[in-house]
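Presented sequentially are two complexes of chain A, the first with chain B as partner and the second with chain C.
Here is the complex of A and B:
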């Protein structure tokens, strides 16, 4: 019998700030199948115009409360590019450690608190507390550790204060880095290994769905691109194309659709994907060996066309970040580690930078006048770049689910899990208290 | 150590009252014997402060209630339960009350926690507070400090 199906997931007002899933199937015919993003623009680019270069990173870090380290790094690096500032190797290493802390922090939050409940058949993490106590305890322990890891370098992990144009406002003591390294080895690495076992045990619940697409990431010839570099994309046939970051508009090609107030993006194909899986597909060879081992353990190989595996790639990247951090600490402590003067601007002009935030490649670009005041700004965030890729995933997935005879609730869950796999940062939402008094 | 912790979204007008108050107090009290924390939207990071070394926490947040805009409501964590509906799509939304509840279930040390809820005038995209809240920042700072100093 042909089905009527109506899925309308969490259609909230634009004030709340979420995306919606709308699928309408009548008599077996798909009439509507949309990933809708009814978000208002936030005008950060306008906000920073007229601001001094020293203020811009502090403001744009507020674009996102989870990826504020990444926004700070992208913003400060783009400003440094515009001002001709070449920071010291010590500052680069410290910033990379901070980037790794953010990636691990965000990935663990996503994998444990949003994805794991789906794989374990729970509606959220909260029902898992009594049933999977040790797993939740580990997740919270790791989350806390990442917070401390990032705070040591950035001053705080949310909207870091120590990353400023020219270098680092201050640096951790040598002993603090030694302690961080020791704690990573004795506390965090064992938990990473346990996490690998946990995710491996539920990996069979990851939906088997594939849609080859283009993948985009930061590329650095020196390392797995996260903190700095240019742009690389890979298409399903393995063909790679490279783009200078200053030409980022030539590979992002933003466009507007009536179904979304957020812009869509495309490059060589109709859409592309950004995020952990995109990085994995683009830059697998540069992953730390420990991360490659974790990927092998989890059955993740490049090129992987299953977007649900983005969450698995996130866990692989946690391994990369933790072992790269150990190497970076060793390199810092082996050198002449000390407080350094900030590098001063040598010009005022235009500059661009790309940084990988947990959800994918992030672009910031600025122009400054001769007084160091911002005259133009542009930010392209990864979630926007992923929206149309999600839509095209929907277009392939819904008919497949229908053909497989899935019921409405099963389809709804499959679509929700797909959106969650991208870990979208839709607007950072609002966070007011909504409580009822017990008395 | 005692903490005043602000939470909220900096880009959503009065939802950011907790963060604006932290910024304001950071300027007003450069020498202090308590810590100011901008938790932003990362409620899970509250866990970091749930230790035996923490004497007391005052969490400043926007609260939707029946009060007049700008009103302050103090309440203890034990007095309320969350009725907030989360989309579960994204890590970018959270619920401080549920996080504390989870921590309690996980046998974390829960120090005395008092919420300072401030009723918003508006919650919409915008980088500034409503004037009705902005003009009361000094008063809010005093109230938060008074609450923190209570045994």
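Here is the complex of A and C:
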């Protein structure tokens, strides 16, 4: 029987920011199948013009409250690149710990509060309070722990205060780092292991769907790329290509589609994916052994072409971040840990940096005049990079669901879950373009 | 369930950081909160939507385009109390930093700047569109203040929002003043309530909570220039950071709603 299906999800719930899904099927023929982004534009790149280099990171941090640590780090690092600043090894290590805290924090938020309700068949986390009390308590406890972990280094986790060009405005006491380490081992690691069993028990509800695409991530020869590095992409045949961060425009290629509000990005293929699964696919070898063990436990192997598995890759990265943090604390405490002067600028020019925020690779780029005032800014956020990949997933998934005889509600849920798997943080989309939708 | 206070969250042009702060309470505090309130709508965290009367609506984000007015009016009509949640909603916050610029669209979108969905005018507080009963200031808003305000309202009391400067809290912390360290700071005009974390962390206060009522702006600029060593242009720019709409020269000067 030929069906009519009309899905019109206005302001999709349980994602950061506003996105719409529209699918119209008449008589079994797909007439429209779109992922749309109607978020109110906020114009950050214009707002930082004429601002002093010391203020820019605190302005661009406000692009996104969920990735504000990553935005701050990308912004401050691009500014340091423009100003010829090489920060100390101690500052680098502290910032990496902060980055790990954000990664774990945001991933747990996403997995527990935004994705788990779908897997458990609940509309949100609130109905789970009476039915899955222990799980909700654990989720809130872990979320709080990550907040304390990040705040110790960054001052706050929403718009950190302490990361400034030249280093860190202030640092935690040695004893505070020791306490963090002890608490990670006694409080947080056991909760991570519990989370692993919880997710494993619901993993069967993760939809089976595959669409091989290109994956992009930060690459560092030293470690699993998160805080710093250049760019790597891997195609489905396993072929890797590397790009210098200063040439980020040559691999992000923003382009305009007549059928969407957001700017799209592409590189070697029609679209690419950024985020935990992309990092996992690009840089699996550099994961901490404990993270590789978690991946094995959850049945996640590179290259994985199922975008729904992004949430599973996020949990794997939580293991990476927590165990890397323990190693970083050990390294800091083994050295001559002390208050340090900020490193001063040696020039004023242009600079770029890429950082992995939980949702994928983020680029910031700035130009400064001789008074240290910003003259130009460019930010390319991961969600924009993922938009077209989501659209292409829709294009493959909708006919598959239709062929499998799915009803409208099931199809709507599958599409919503797909978008949520990308963990889109639409509020931070800095670039929008217009569209006329066919009526 | 039914005698709990029904609360809801809504978002407009914002970074959603204030909503995220709700997830940082920890299990004990958050579950205790849920003993007193029932969250009936919260797009970022739940799929449920309500048709019931809402007792307290928290609105995050600035009013930046006429097309949002109807949604705001609708929220007002459904709610007993409306609270501007965070700086974006309370004062326009960081979004208002573009209010004195005229070419921000061209800068970001080039030739596409005139496309209709890029509609955005001044970034204004929510109170520019609808009546707001109270404001939770700050970027992000302060979680402790949130608890204070909610518990006052749950118990039928008037919440008190400080109207003295951040310097008072900073001095109580015994933080060394930024000016003594050769830096500058906006603490003397910034509205307190945050506990002055920024100077304690080693950066200037940027008045993310807006200004106190009737701030002495001229003396702020003079201090930033004479004691902080900033040029007049930079001193003016500094005082705009989060508080552009609190300045006397703002295109839409805001009234403080929480009196």
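One rule holds for everything that comes next: the second predicted complex is superposed on the first by the 417 of 439 C-alpha atoms of A that agree within 3 Å, B and C clash if a C-alpha of one lies under 4 Å from a C-alpha of the other, contacts with A are read in each partner's own complex, and residues count from 1 in each chain.
The rule we apply is simple: a residue touches a chain if its C-beta (ideal position, glycine included) is under 8 Å from a C-beta of that chain, and two chains touch if they have at least 3 such contacts.
Every value quoted in this text rests on a predicted model; they were computed, and no experiment measured them.
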One more residue to check, A:87. First (chain B), second (chain C), both or neither?
neither
Can A:98 be said to touch chain B (first), chain C (second), both, or neither? neither
Between chain B (first) and chain C (second), which does A:47 come into contact with in this model arrangement: first, second, both, or neither?
both
After the superposition on A, what does A:110 contact: first (chain B), second (chain C), both or neither?
first
- Report for A:76: first if it touches chain B alone, second if chain C alone, otherwise both or neither. neither
| After superposition on the shared chain, which partner residues are touched by A:19: those of chain B (first), chain C (second), both, or neither? | first
Legend entry - First, second, both or neither for A:417, with chain B first and chain C second: neither
**Asked** Touching A:126, do we find chain B (first), chain C (second), both, or neither?
**Response** both
Both chain B and chain C touch chain A at residues 15, 40, 42-43, 47, 62-66, 68, 109, 113-114, 117, 123-126, 129, 136-137, 140, 143-144, 147, 156-159, 427-428, 430-435
So, in the complex, the side of chain C touching chain A is made of residues 11-21, 23-27, 30-31, 34, 39, 42-48, 61, 64-65, 68, 93-95, 97-98, 101, 103-105, 107-109, 112, 115-118, 120, 139-140, 197-198, 201-203, 206, 234, 237-238, 241
Per the touch rule, the chain A residues reaching chain C in their complex are 11, 13-17, 38, 40-47, 49-52, 55, 58-59, 62-66, 68, 109, 113-114, 117, 123-126, 129, 136-138, 140-141, 143-144, 147, 155-159, 161-162, 164, 169-170, 256, 261, 427-428, 430-435
Within the complex, chain A is touched by chain B residues 7-12, 15, 37-45, 47-48, 61-64, 75, 78-98, 101-103, 105-106, 108, 115, 117, 120, 123-125, 127
Residue positions on chain A within touch of chain B in the complex are 10, 12, 15, 18-19, 40, 42-43, 47, 62-66, 68, 106, 109-110, 113-114, 117, 123-126, 129-130, 133, 136-137, 140, 143-144, 147-148, 156-159, 416, 419-420, 423-439
